[in-house]
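Both complexes shown next keep chain A, but they swap its partner, so chain B is in the first and chain C is in the second.
Right, the complex of A and B next:
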């Protein structure tokens, strides 16, 4: 049970830090602007079938952006404030601390879903009807878990890489496409579709859309796929972070360079 | 199992060449060290001597290249988890804590990492906040505290897991004299609880005031380990004679006697110090001074600083 205690404590620590430095959650200020942009285009276009994309794409984009941003900086920040050695020298696993902190940020970033919804309903007066609330809520919860798992993997990957910024910059827009965030994966060329399916966000996007349609066949197994892909990311992340710890203890430095 | 708190044998640590440091660097070169339980053991040496590297290895955050190290009977490589649950480490820096959150939140977080359950962790946190005298500032952010207070938070963090062995890595660096004295007083109290401390420092007064034994290292090599008083004797430095003299003739006689290495004037006018060439010549120096009618004199062993400077040579405190 100690690992759950460490995850919870790390989560609380991250929330406490974010309260002191609200700029860490700047995404909550920019996400409504993205939502307004998407909704304006949709309203001008007049096609109601893209309503779901217009409402929730900004939230998914914000979540992915936060994961990249966090993943790139999480372990480096610990190193910068000289807490990394203390964490490594403690009886707990660094991976549990990183995952706990990421859960907190992803959880806070999930408020962008609420912002997008409020923007659509109150500002654009659109009828956003969630036909299957259970599917929607479960999708949100499992997607947040998968996002946290993937961000944990990115945290390990980025600290082992020589060029974090290059990674971060190249993993934004292409992944919005691969994740089916901007347009459904089914509209992509057939050869690209298998690639998208190893990325959990493509399943999450489909599920969000399905929750707003009258028919939502096969949602349970699609949720399971998101959970499995998220868990794979988490396990991969914990393995990578363990490698970081081994590197630090072997070389005295976490950096590859 | 051994009764020693720390047992180090043939410990080497080589930092491999990397970008920015093209040559491999030997930080520790075959160190042997024993630390007896229940005392403060000082690790003295100039910057770059290898003190921090040794503490890092003993606290399991760095692997040795060769040799063995055991803490409280557990090997730091083979049984690192056993070591981690039994030790605390205190760094001498304003960093190493979460500066933007409160003292209490920091300690609660570290309590969880040391396996303390919610209620036990909260109790231990409050106990330590009280112990280090920060009850009034427990809800303040760490970044709002003075250096001395931050160092107390570091100490509380190091003690959160109730360790029997505590590593103190230059804990009073940068503190003003009053804060440093307070910190040392606190260490004295903690020592009475039966803990063992390994204190790295280049503050000789601190080592002399706190430590039962000191180990002097330089350039990764152990120069000596001894009782603080024995350090002076081990070096067998010529003893000193301090005396009052108004007549320069006495000084000339002393200098010409071949019994002293030198005579220097002390801070007080008319007060001088003669360094005898050997223990045997000390008696002759005293007799010579007595024959000249000087009765106000005293002898003293070399200070730790003098011993230290002789051991590390011209490098002194330099990097």
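Right, the complex of A and C next:
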């Protein structure tokens, strides 16, 4: 089966599942609350230049949360539902199925960008201007790809653990800081900054903010960094998932968590 | 079956200390299967430290040390609410584990059990809040008063209990609609985080939202803690702290009534064991 057809079919399957279980998209309910928290602080205290930091932070948070929650837990959930054996037994590659489903997850999660914009413009009456729409759109596309690639790696990693929820819980806020989603990583201690730069979200956050400023120098190479880090995550994830498949097939432990 | 159809209302909530103690023990046992001390420290505690540091760092962006303190204290206190509302998940878990039917027909009734099961989260929430508050005040170079911090502990416990009753009331919704458990939990603890004076004063919000904040957990307890930490009027702090359990009692009554309604409705539909 052609790999692109597998990815497309998995993507459709995930959309169908999410339509059946709308609670999977809980970020659509929490993202406006994050927006209300951030924008209220900025509006009460901030000057207009820092207000822009808060506008799309809820969307970036929601993307990462969905990658951890639905994306990272994907293979583990199949295991719990006793459907992993069937997936491994099918002719399609598990990595392609996972990546296809994760594309659907992050694609749906991108709706929170619309929510964030609406909250800032209509609820908090902010003057939100995307000065460089091309930079913004390209950043969104490349970030979604990087998010899907990284979530694929997480899906491969998390399946090795018996306590996935612990990892999903633990990797939220530390990564919001490292990703500079609200406060730029340049404000972090100097020793932390190199660490943040291997996390694609730190570049994406800078780019989203840059698209709202009059100057956006060096955006092209920053986009390239996001794409490379995302591709690295995807390749690493696919290799890891392949190894997991080989291991559970050899040990007969696909149904055991 | 006719006996089953007539819900034993007099038994719906029979306070029973033994059952309550057993329920608490069950909650602690469940907690220990999920967390070892190392997993709690390296997983959960690092996350809550990061959560509060994340919000406090907005103050750095605003170049305001006062804002750092305001956000740090508010979000550290909100942690106890976050953890105590995890009780929402234990409600749906009864259904997933197939034990809700047994609880509904037990002589004691489900309310005592359901209220006891998540109390362990109140205790861990107080620990998370107190440790985070202390550590991050030091990390962010804020002034720290040991008597003040000790004075916060009973108020944190009150906030935890109020949040537990609030979470229990929300959890009743998941008894009927278990698939929305995570949605109810997340929206549930984020509402006080948004409106209860955690990030901005309650007065920032329009009047209807500010009025709504008065019946959420955290609002009054946090006001008391801010007063204690700033060395303000003790009578004001005590007055605010006294309002917190009153809010909690309100949620306890709402929760008990909702349990009754949700369980009886599920019994009538024959869907207690379904999800």
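Keep in mind that, in the parts below, the second predicted complex is superposed on the first by the 247 of 257 C-alpha atoms of A that agree within 3 Å, B and C clash if a C-alpha of one lies under 4 Å from a C-alpha of the other, contacts with A are read in each partner's own complex, and residues count from 1 in each chain.
In the analysis below, a residue touches a chain if its C-beta (ideal position, glycine included) is under 8 Å from a C-beta of that chain, and two chains touch if they have at least 3 such contacts.
Because the structure is a prediction, the values reported are computed rather than measured.
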### Query
Given the touch rule stated above, what does A:176 touch, chain B (first), chain C (second), both, or neither?
second
### Message
Just to be sure I read the superposition right, which of the two partners does A:108 touch: chain B = first, chain C = second, or both, or neither?
### Response
neither
### Message
Quick check on the superposed pair: does A:21 touch chain B, chain C, both, or neither? Answer first, second, both or neither.
### Response
both
### Task
Would you check which partner chain A:141 touches, where first means chain B only, second means chain C only, and both and neither mean what they say?
neither
### Message
Just checking: does A:5 make contact with chain B only, chain C only, both, or neither of them? Give me first, second, both or neither.
### Response
first
### Query
When the two structures are overlaid on chain A, which partner does A:232 contact: first (chain B), second (chain C), both, or neither?
neither
### Which superposed partner A:81 touches (first chain B, second chain C, both, neither)
first
#### Entry: chain B versus chain C as contact partner of A:163, first or second or both or neither
second
### Query
What is the contact status of A:41 with respect to chain B (first) and chain C (second): first, second, both, or neither?
second
### Message
After overlaying the two complexes on chain A, where does the chain B footprint on chain A coincide with the chain C footprint?
### Response
21
## Note on the structure
Per the touch rule above, chain C residues touching chain A in the complex are 34-35, 39, 42-44, 46-48, 50-51, 53-55, 57-58, 60-62, 64, 67, 71, 179-183, 186-187, 190-191, 193-194, 198-200, 204-205
## Note on the structure
Contacts from chain A onto chain B in the complex sit at residues 2, 5-6, 8-10, 12-13, 16-17, 20-21, 81-83, 85-92, 97, 248-253, 257
### Summary
The chain B residues in contact with chain A across the complex are 15-16, 18-19, 56, 59-63, 81, 84-85, 87, 89, 91, 93, 95-102, 105, 108-115, 117-118, 141, 157, 161
### Message
Applying the document's contact rule, which stretches of chain A touch chain C when the two form their complex?
### Response
21, 23, 26, 29-30, 33-34, 36-38, 40-42, 44-46, 50, 53, 163, 165-167, 169-174, 176-177, 182-184, 187
